Amino acid sequence: MIDKRIKTIASVLSDISDGATIMVGGFGEAGSPIELIHALIDNGAKELTVINNNTGNGEVGLAALIGNGQVKKMICSYPRSSHSKVFPELFRAGKIELEIVPQGTLAERIRAGGAGIPAFYTATTIGTPLSEGKEIRNIKGRDYVLEYGLVADFALIKCEEADRLGNLTYNKTARNFNPIMCTAAKVTIVQARKFVEVGDLNPEHVITPNIYVDRIVEVTTPLIESQLIEKGARYP
Amino acid sequence: MIDKRIKTIASVLSDISDGATIMVGGFGEAGSPIELIHALIDNGAKELTVINNNTGNGEVGLAALIGNGQVKKMICSYPRSSHSKVFPELFRAGKIELEIVPQGTLAERIRAGGAGIPAFYTATTIGTPLSEGKEIRNIKGRDYVLEYGLVADFALIKCEEADRLGNLTYNKTARNFNPIMCTAAKVTIVQARKFVEVGDLNPEHVITPNIYVDRIVEVTTPLIESQLIEKGARYP
Amino acid sequence: MSSNTTEKAGWNREEMAQCAARDIPNGSYVNLGIGIPELVARFVPDGREFIYHTENGLLGMGPSPEPGQEDPELINAGKRAVTAVPGASFFHHGDSFTMIRGGHIDVCVLGAMQISQTGDLANWSTGAPDAIPAVGGAMDLVAGVKTILVISQHTTKNGIPKLVENCSYPLTGKSVVSRIYTDLAIIDVTPKGFQLVSLAPGVSFDEVAAKTDAPLLPPTIATKES
Amino acid sequence: MSSNTTEKAGWNREEMAQCAARDIPNGSYVNLGIGIPELVARFVPDGREFIYHTENGLLGMGPSPEPGQEDPELINAGKRAVTAVPGASFFHHGDSFTMIRGGHIDVCVLGAMQISQTGDLANWSTGAPDAIPAVGGAMDLVAGVKTILVISQHTTKNGIPKLVENCSYPLTGKSVVSRIYTDLAIIDVTPKGFQLVSLAPGVSFDEVAAKTDAPLLPPTIATKES
C-alpha cells in the first residue's frame, strides 16, 4: 500500500543537506509551512538556495532560517517586509545573495520547471533594468525576454487536507505558490492541517494530485506567524 | 449587474463570421459542446480554422461542421477516428488543411496563448519529422524545439455548472481542453448543463474563474454523440 | 494622509480614488495596487459592478473583514485581511498571473514614484545603492493589464514633480500608463505627451503645469476650473 | 489476438502484458498506451499498487465499468469508458501534460511499429503518402516519461521484423525505449544494442535472433529456455 505519511516532523526532512535548493510555499504568512521551516532550522543544513516570494517576517519561520545563517541565496520577488530586518541587514552586509524576479515571472518559472518547459518568453521586465543582459526576442511585433524554468531539490509545502496517497487541498489564499512548487521539486514535503481517508476528497476538488507529493506530516494546529511576531517570538 | 447568460443558443454565437479561428473543447465526445457546434453549422460561417484534439466522429458535431465545408484548416493531434470518414476524405482530396501538433504541445500552446506566453521550448518532437524546419535550441545539454502560443477568436466550451458571472465547473474527463481554451480565446462561449446561483459554487472548487467567460447558454440535456452515431444520425 | 485634507485646494486621497473609480466601466476586472489605489474599491459608482483580482490568488475580493473576523489565510497582495464575495474563486499563483500576463484584467490602478510623458512608470525602486530591490507583481501588471491607471500625489513630499520628461528612477514598464489621477488634476498620457483632462477644485492649469516637469497640453475640450 | 494463442510457442498478449507488469516497481505512476499495453492493468503483481494516469485528465484510472455503467464523460485516452478509483483526481489537459512533460510519470507502456537498436521508437505513422498523420500524445509520452516500455509482436503479421537497426518509419522519439516485451522474448535496449533478457516458452535464442533485424546480444547472465 502506498502511504506517504510520516509520523514525526523531524524525520520528514532529515535528508536535506548543505547546498540544497529549496522551494518554500507561502505568500507572506499565508500558506507558509512554518513547522517545516523550523524543522529545517533544527536540521541545520547550510548554504541553501531558497525560493519564496518574500524573505520572511519577524524572527520566526523563513526570516529565522535566514537569520540563522543557513541561506546563501534568495530567489524572490519582494524581499522587503515591514516586520523584519533579518534579510535587509544580511543583504547590505553582503552576506546573502539575491535574485530578484517579478512575481508573475517567478510563478511561471516554477510552473515551467514543473511542466518540463526549460524556457519561455514573457513581456514582463521589457524596458526595465531586470531584463538587462538577458536575451530579448521580437515575436509578432512585441519584445519579450527569455526566462528559464526553475526546479528545486525539495519543496516545503503547507496544505489543508491530505490523504495517504498525497492528494492535497488548500485553504483560500494560502494556496498561492504551493501547488506549483509541488510540481517543481525532486522531493515534495508537505505539512497538512488534516489527514483524511483516501476517497474523502472529491476527485473534482483535488488541487494537487498525489503524483507530485512525496512525504506528508500532519500539523493540526500550525503556529500563526503574525501572532508569534506580535509576541516578539524568535526561533529557535 | 453582470449577467453573461444568453437565452437562445442561436444568438450566443451569431457574431462568428467567415475566417474566424475557433477553439472547440472536448476530447472525442467527452466535453464536446455539440449544441454549440450545431449552432455554428446553422450560422454557416466558412473558412474557419478549428483547434480541437480530434476531427469529430460520425456525421454529427465537429465531423458535421467539417463535412459541411465550413472548415479551412484543422489544428489537432489525432485526426483519425474509427467512426468518421469525413475528415480523411476531405484531407485526401486536398480540400482541408491539417496542422498536426502532439497532444501535450497542443495543450501547452493553448495554455501559453491564454497566459501571455508567446513561445516556449519543449523536448517533444525532437528527433522526429514534426520538429523539422523548426528552431532547435540546446538548453543544459538537451535539445528543445521552439513552439508558439495559440490564441483564437472564439472558444466553444462545454461545462457542467455555471453561474451568471461565468464561474464554471466540469464533469470528470469532460474537463480536458475546455478550461485552457477558455483562457485563450477573445470570446469564450459556454454551454452549461446547469445554471446555478452566484454563491452556489464553492470558491475552492471553481475550475474556470469567471474572468475567462463571455457568454453562457444552458443546455440541460445535451445530445450524446455516441448515441447519435449508433442511430446513424446526421446534422443538419 | 495628513498632508492632503479637503481644507487645502485639490483632491484628497479618497477623492483621487473616486475620480479613478468613475472612469472604470461596468463589469470590469480590476486589480488595485497597494496604498491609495486600494481606496478605489470604496467608490464604485451606482449601477456598476467591478470584480476585483488580487494576484495572490483570489478573483472576487471583497472589503476588509469586521474586526476580529480576520483570517490570516485570506489576504490581499498587500498582505492585509480581506474577504471573498459570492462568486469568488481561489487559484494558485501560476493561474493568477495567467490572468495578468494573458491580458485578461481590464484595469490596474497603481501608485507611482515617477511617470514620464511617454507613459513610462517607475514605482519599484529609487535605484539607490543601498536600496533592497523589491518588485513584487508590478512589472507583470504593467506588462499584462489592458489599461494602467496611476493614482499619485502630483509631487513628492519635498515638492519635486513626479510627472517628468524622462524617469530618473529604474522603470517598472515602458509606455504603459494611460491616465494619471493626482491631488491636482487628471492627466492623460497621449502621443503628444501629458494632456490635462480636468483640474481639481481650486487648482489652476498654470499651477499644474508649474508642478509638472514636462510640457502639459490643455484639454482637447475646454475644462472649467470647478 | 487470434494469431497468438497459448497453443503456439511464445507469449500471448496477456502474458506479454504480465511480463511488463512484473517489471514495474510498487508505487509507480503508470501511463498505458492503447491496445496490448492496456492489458498491463490486469496483471499488477500481489503486494504492489500502481497509480494509472490517462492523458485526457485522470490520475487514478480504474478498470472498465460494468456493462450499462459506462459514462461518456469518464473515458481514457483510447476514448473507452473507464472508472476512477478512490483517491483519483481530474484535471485539464495543460495540467495532465505537466505530469508527462515534467517527468512525473514513472513508466509508460506503448505499442510499436518499429524499435531501433538505439531505442528509437516509431509508432505513429507509416509515412505512406496517403496516411492521415495522427500522433496523439505518443511523442509527449516518450519525451517526458522516465521509463518507456514497449509491448509488441516481434514481427508484423507478414513476418517482417519490428526490431531493426534503424527505423524506416517516421520516429516518435529518439533513444527512448528501455525494454521491449514481444511474443518471443524480453529484450533490453543497451548502449551495445539489443540484449536478450529472457525467452518465451518454447522459443530459442536463434529464433529470436533470426526474427530481429539487428544484432541480438545474449543475456549478461545465462537464461534458461523455460
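Lettered A, B, C and D in written order, each chain numbered from 1.
Rule of thumb we're sticking to: a residue touches a chain if its C-beta (ideal position, glycine included) is under 8 Å from a C-beta of that chain, and two chains touch if they have at least 3 such contacts.
Keep in mind that this is a model prediction, so the values were computed, not measured.
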To reach chain B from chain A by way of touching chains, what is the minimum number of steps? 1
State which chains count as neighbours of chain A and simultaneously of chain D. B
With contacts counted as defined, which of the two, B-C or B-D, has more C-beta pairs across the interface? B-D
Using Cα averages as centroids, what's the distance between chain B and chain C in whole Å? 37
What's the distance between the Cα centroids of chain A and chain C, rounded to whole Å? 29
Go ahead and note the Å separation of the Cα centroids belonging to chain C and chain D. 57
Hunt down the residues of chain C that sit against at least two other chains at once, touch-wise. 58, 84, 90-91, 97, 100-101, 144
Of all the residues in chain A, which ones touch at least 2 other chains? 108, 111, 115-117, 122-123, 170, 172, 203-204, 207
What pairs of chains are touching here? A-B, A-C, A-D, B-C, B-D
Residue ranges of chain B in contact with chain C within the complex: 1-2, 111, 113-117, 163, 165, 167, 183-184, 198-199, 201, 203-204, 206, 209-212
Residues of chain C touching chain A in the complex: 54-58, 71-76, 79, 84, 90-94, 96-97, 100-101, 120, 130, 132-140, 143-144, 170-175
Quick one: in the complex, what on chain B touches chain A? 108, 112, 115-123, 137, 139-140, 142, 144, 148, 169-170, 172, 202-205, 207
Considering the complex alone, what residue numbers of chain D touch chain A? 26-27, 29, 49, 51, 53, 58-60, 84, 86-91, 95, 97-105, 144
List of chain B residues in touch with chain D within their complex: 27-31, 53, 77-80, 87-88, 91-92, 98, 100, 102-108, 110-111, 122-130, 170-180, 207, 224-226
